[in-house]
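Once you scroll down, you'll see the structures, which are given as structure tokens.
Paired with chain B in one complex and with chain C in the other, chain A is shared by the two complexes that follow.
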Partner chain A sequence: MDALLSGQLLVAALVTGALYALTALGLNLVYGTMRLLNVAHGDLVMIGAYVAFWAFTLLALSPLLGLVAAAALAALFGLALYHGLFRRLLAGGKAAQRLEANSLLLFFGVSVIVQNLMALQFTATPRGYQYLDTVYRWGNAAITGNRVAAFAVAVILCGGVLAFLRFHVTGLAIKALIQRRDAAAIVGVNVERVQQLALCLGFASAAVAGALVSMTEQISPFMGFPFTIAAFVVIILGGLGNITGGIAAGLLLGVLETYGVALTSSAYRSILVYGVFVLILLLRPQGLLGGRRIVR
Partner chain B sequence: MAGDYHVGVGLSLLMYVALTQSWTVLSGMTGYVSLGHVVFYGLGAYVAVLLWGEAPLAAIVPLAALAAFAFAALIGLPALRVRGPYFVILTFGLAELAKYVVIVVEGWLGKFSRVIFGAPDIETLYYIMFGLAAAATLMTFLVRRSRFGRGLLALRENEEAAETVGVPTVRFKLLAYALSALVPGAVGSVMVLRQTYFEPAQIFDPVVSFTIVTMAVVGGSEDMKGPLLGAAGFVLLSELLWANAPQLYMVLLGLLLIVFVLFAPQGLSGLLPARRKTP
Partner chain C sequence: MIRKFSIALAAAALFAAPAAAQNIKIGFSLAKTGLFAQAVPSQLNAYELWREQVNARGGLDVAGKKRMVEFVQYDDQSNPGNAVKIYEKLITDDKVELLLAPWGTPHHFAVAPVLEKYKFPMVGNTAASVQLREIKPGNIWFVTSAIPDKMAAELVAMAKANGYKTAGIVANVLPLAKEIKASLVPALQKAGIAVKVSEEYPPDIKDMTAILTKVKAAAPEALFVLSYPGDSVLYAKQAKEIGIAAPFQFVAVGPTMDFFGKVVGPSANGLVTMGHWSPAKADWKRAKPFYDAYVKKFNEKPDYLDTVVSYMSLEILEQAVAKAGTDKQKLRQAIASMTFDTINGPVKFQGVQNAITPTAFLQIQGDELQLVWPKAIATSPFKAKTGW
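Entry: the complex of A and B
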């Protein structure tokens, strides 16, 4: 019981939650603006992690700088996918539901390709490096420097994106597109450009989350999958397309997972995450925080 | 009979024919795409492992099928209320959840993998699998021609409209889901006896679900031919590549999926010159 009340678990929960919030933010932007279900989202986390890893081991570049490269690369990949695959699909004028199902199959294909190309290139062996691993203590909580850094960067970026969406005119255009796509076009939003921007921003934030994850965990070509699932749990919990709700839900999932595992054992981690995922979809697909009824 | 290698390839071909044909009864006919069909396969395998030595083979295979049927009927009612892409990710989540539950249950029982002693020889299993593939193909054929099948197609196009003209959509969807689970349950029981060991993470492999969907998309799920073409093409490809370059095989799988979704949504079967339909 003492362990549950200590600061240690709370710190762990907050770090995990902040990373989930940042990852899910990107998924939410892509889904919200274009109704594309990106099941390859976790693979962008993986790509970001590899970029930071190679920048650190080959160029001795701090992952906190490497994450800029990761973000740029992921944004370029997003642009390439947009022009190669999705512009045709989005312009097709088919029913929205068909678009979502097709985008899911396409991203599934992308995910399988990316994972296996990475495994071919870099082998499936997990890799890791040591950075900022001195331990800091506050009261009874101990935390490594890299976790503090990951938490800080994730919080700053989530805050930055929220502020951008609230105060910048382009950010407002993204929000307009999320709320009413057709109406946004009528009031003069350049739908095409804003979509591309949202996709780049979404991909980049996942890659940054990956660079942060690489500081604290081992990385492998198949590490992305749990992040895809976590990101879907988070955006469904928070309400699809609801950016602020998603950030709150990310922290909530971090707390649920950390305390759930502490109360039971790590064997139950996957059951817990998938259990929440299935229950939310079955019972409250519009999300805990309300919002539009999209599913039924 | 031919060498064991050829029997092995034939077995995996028949397995995917049976699985993909069954899948189209739900996903081809109703548009509810299941990305978690491995859950029925895995459940059938688990039933077979638990019953092996307690019951004869002739009872195990039908019991595995029934278990999968019952499980689908049970979870179908809540699951089928969720539509479109949410149903897709839900089925995927359910299959993964089932996998981790079985892993934990096996942990409680103190078994982390089980070896099956005295499994039937491969030829017996081959003939059973042949029967299952034929049964699944016959089932899609019959469903497609029946009043039930027409109802499913109607609800795929527009569920509310189908309901309005008197299609009992809830009952039909549920029956299609349960029917599509029947043969995969039996297939799972045969395949675990072929492998002679049971390890949950390897039996409930999401790659199986993914392969089924890819075969159906590439082959086409609008008629009986599609799954046959898809299964034959990919089993051949996998024999050429799997042993030497499994990752290359997966990359090709992904590429073909993308190409067919974008450019040929009707699949290979839709690209073939259509026979004139008699009115």
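Entry: the complex of A and C
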């Protein structure tokens, strides 16, 4: 019981939750605006992690700066994919209707290619480095510097994106596109530009999450899949395409995992997470904060 | 999926000029992609280093005749079922003359019946399970001495010799960890060491705070973390954060790999891990030259576990082939009866198992991994872990 009330678990829950929220944010933006199911999302996390790793190892660049490079590179990758793969498909009539299902296959292909290119280029050997690994203690809680940094960046970014969506005109356009795609076009939203922007933003935020993760764990070309799964659980919990809901669900998942395991056993982690996931979907099929109109 | 490179290699071998016909084709599949892909470079590097060294010496000595080594390699995508098909293909279609082992216990078990069917001898390497003793001897042998039940007995002996009276167990639910745990718990009881805390966790664990908070409260003197490479790093990082203070901390798989030191850094100092090799062991004459050659080629340290057992399996094959050639019957007899000189000292098989190399443990001491147990082969005495 003491352990439950200790700050240690709260710290763990918040850090895990914030990283889940940030990872899921990008997936949600891409799904929300374009209805693309990006199963290569975890691989963008991996790319971000590698950029931060090489920037740190070769250029002695702090991962907190390396994450800018990671974000830029992932955004460029998003732009290339948009123009190379999705633009024509999104514009077409029948093809666009099937795109949600087809995007699953397309992104699966992208995922396999990206993973294997990275493995060919850098081998599958796990890699890592140490950065900000001093342990800070407050009362009965302790936290490593790099986890404080990861938490802070994740919170600032999630907050920043929320504010952008709420107050900036382009952000509002993204929201409009998420809520009513056809109506948004009618009222003058430049759908193509907004889609591009959302895709780049989504890819970039995944890469930032990767750069943050690289500070705390080892990386490899095949590290992405668990992040894809976690991100999907989070955005479905929060309501597909609902950005605020996704962030709340990320934090909830962090709390659920940490405290659930503390109360029971780690062996029950998956049962707990997916049990609650199924329960919420049974009670609220549209997700925690999802509006029915968004779910198709 | 068969890698293009391998197809090209096989095709090149088929249509090669007569001069290249003297090459000896050696086949294998590895989990180059999929679940186990991270573990494979340790093994593949050993294979590549060996091929380079053998070819630099003018080729593999096949019963007195030197032939250049050529690999026929495939990716089994971490799927033992694929490995079965690939080894059949290697034997019947690619017509390789020798086989090297795939990665991991499940793959060794999967290809064992294929070897038996074609009576094709292969020296296994990266497999460790009590069940390997149940494989019919004759065409497969295992060089490792890190068999789970033996490890459990030696771990308890080591804890007892150092006077520890309480223990904790934190175990992954994957097979190797389960097998060690199954033998560890009764061995600890028998030795009068009380188990204060015992926790299990799934392979996809991302946070150990809850488990380690319980461990910290129980404060065992000896802590056995039965982990795999990814969760070993997670343990080391979070144990440092939470302040696990056990003087004896065993972390099963991971600390022997080069990346572990880079990710965890000096705070890993004092961790004990499985492994029965060290380049510092002076009377294993081949150990240091192997270490130096590896570091020179790959610019990183070898994995003291997988790279070492993989390289040992190649040394054994090389010495057996030098004596017996590639005739399967003669080769089988040679592997089963000879005593081999390896980087890990002498090796001789009894049934499918290595009968000479002792089950041993390494400890991270500064920048080096030192053999600390059993004392007969120790390169340095065990030192209690003092903080992170």
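The definition used in the following text is that the second predicted complex is superposed on the first by the 263 of 296 C-alpha atoms of A that agree within 3 Å, B and C clash if a C-alpha of one lies under 4 Å from a C-alpha of the other, contacts with A are read in each partner's own complex, and residues count from 1 in each chain.
As a convention for this text, a contact is a pair of C-beta atoms (placed from the backbone, for glycine too) under 8 Å apart; a residue touches a chain by one contact, two chains touch by 3 or more.
Only a predicted model underlies this, so the values are computations on that prediction, with no experimental measurement involved.
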In the superposed arrangement, does A:Ala101 touch chain B (first), chain C (second), both or neither?
first
Touched partner set for A:Ser270, first chain B, second chain C, both or neither:
both
Quick one: classify A:Asp133 as touching chain B (first), chain C (second), both or neither.
second
Could you look at A:Leu117 and tell me whether it touches chain B, chain C, both or neither (first, second, both, neither)?
first
Determine, under the contact definition given at the top, whether A:Leu9 touches first (chain B), second (chain C), both, or neither.
second
Is A:Val278 in contact with chain B, with chain C, with both, or with neither (first, second, both, neither)?
first
What is the contact status of A:Glu217 with respect to chain B (first) and chain C (second): first, second, both, or neither?
second
For A:Leu37, using the defined touch cut-off, is the partner it touches chain B, chain C, both, or neither? Pick first, second, both or neither.
first
Partner chain(s) touched by A:Thr258 [first = chain B, second = chain C, both, neither]
second
Can you list the residues of chain A that meet both chain B and chain C?
115-116, 119, 267, 270
Chain C residues within the chain A interface of the complex
32-35, 37-38, 40-42, 173, 199-202, 204-211, 213-214, 217, 229-230, 233-234, 237, 240-243, 257-259, 262-265, 267, 388
Chain A contact footprint on chain B (complex, rising order):
33, 35, 78-79, 81-86, 88-90, 93-94, 96-97, 100-101, 103-104, 107, 210, 213, 217, 247-248, 250-251, 253-255, 257-258, 261-262
Counting only contacts in the complex, chain A reaches chain C at residues 2-3, 6, 8-9, 11-12, 16, 115-116, 119, 123-130, 133, 135, 142-144, 147, 216-218, 220-222, 226, 257-259, 261-262, 265-267, 269-270
So, in the complex, the side of chain A touching chain B is made of residues 37, 39, 85, 88-89, 97, 100-106, 108-113, 115-117, 119-120, 229, 232, 267-268, 270-271, 274-275, 277-278, 281-282, 285, 295-296
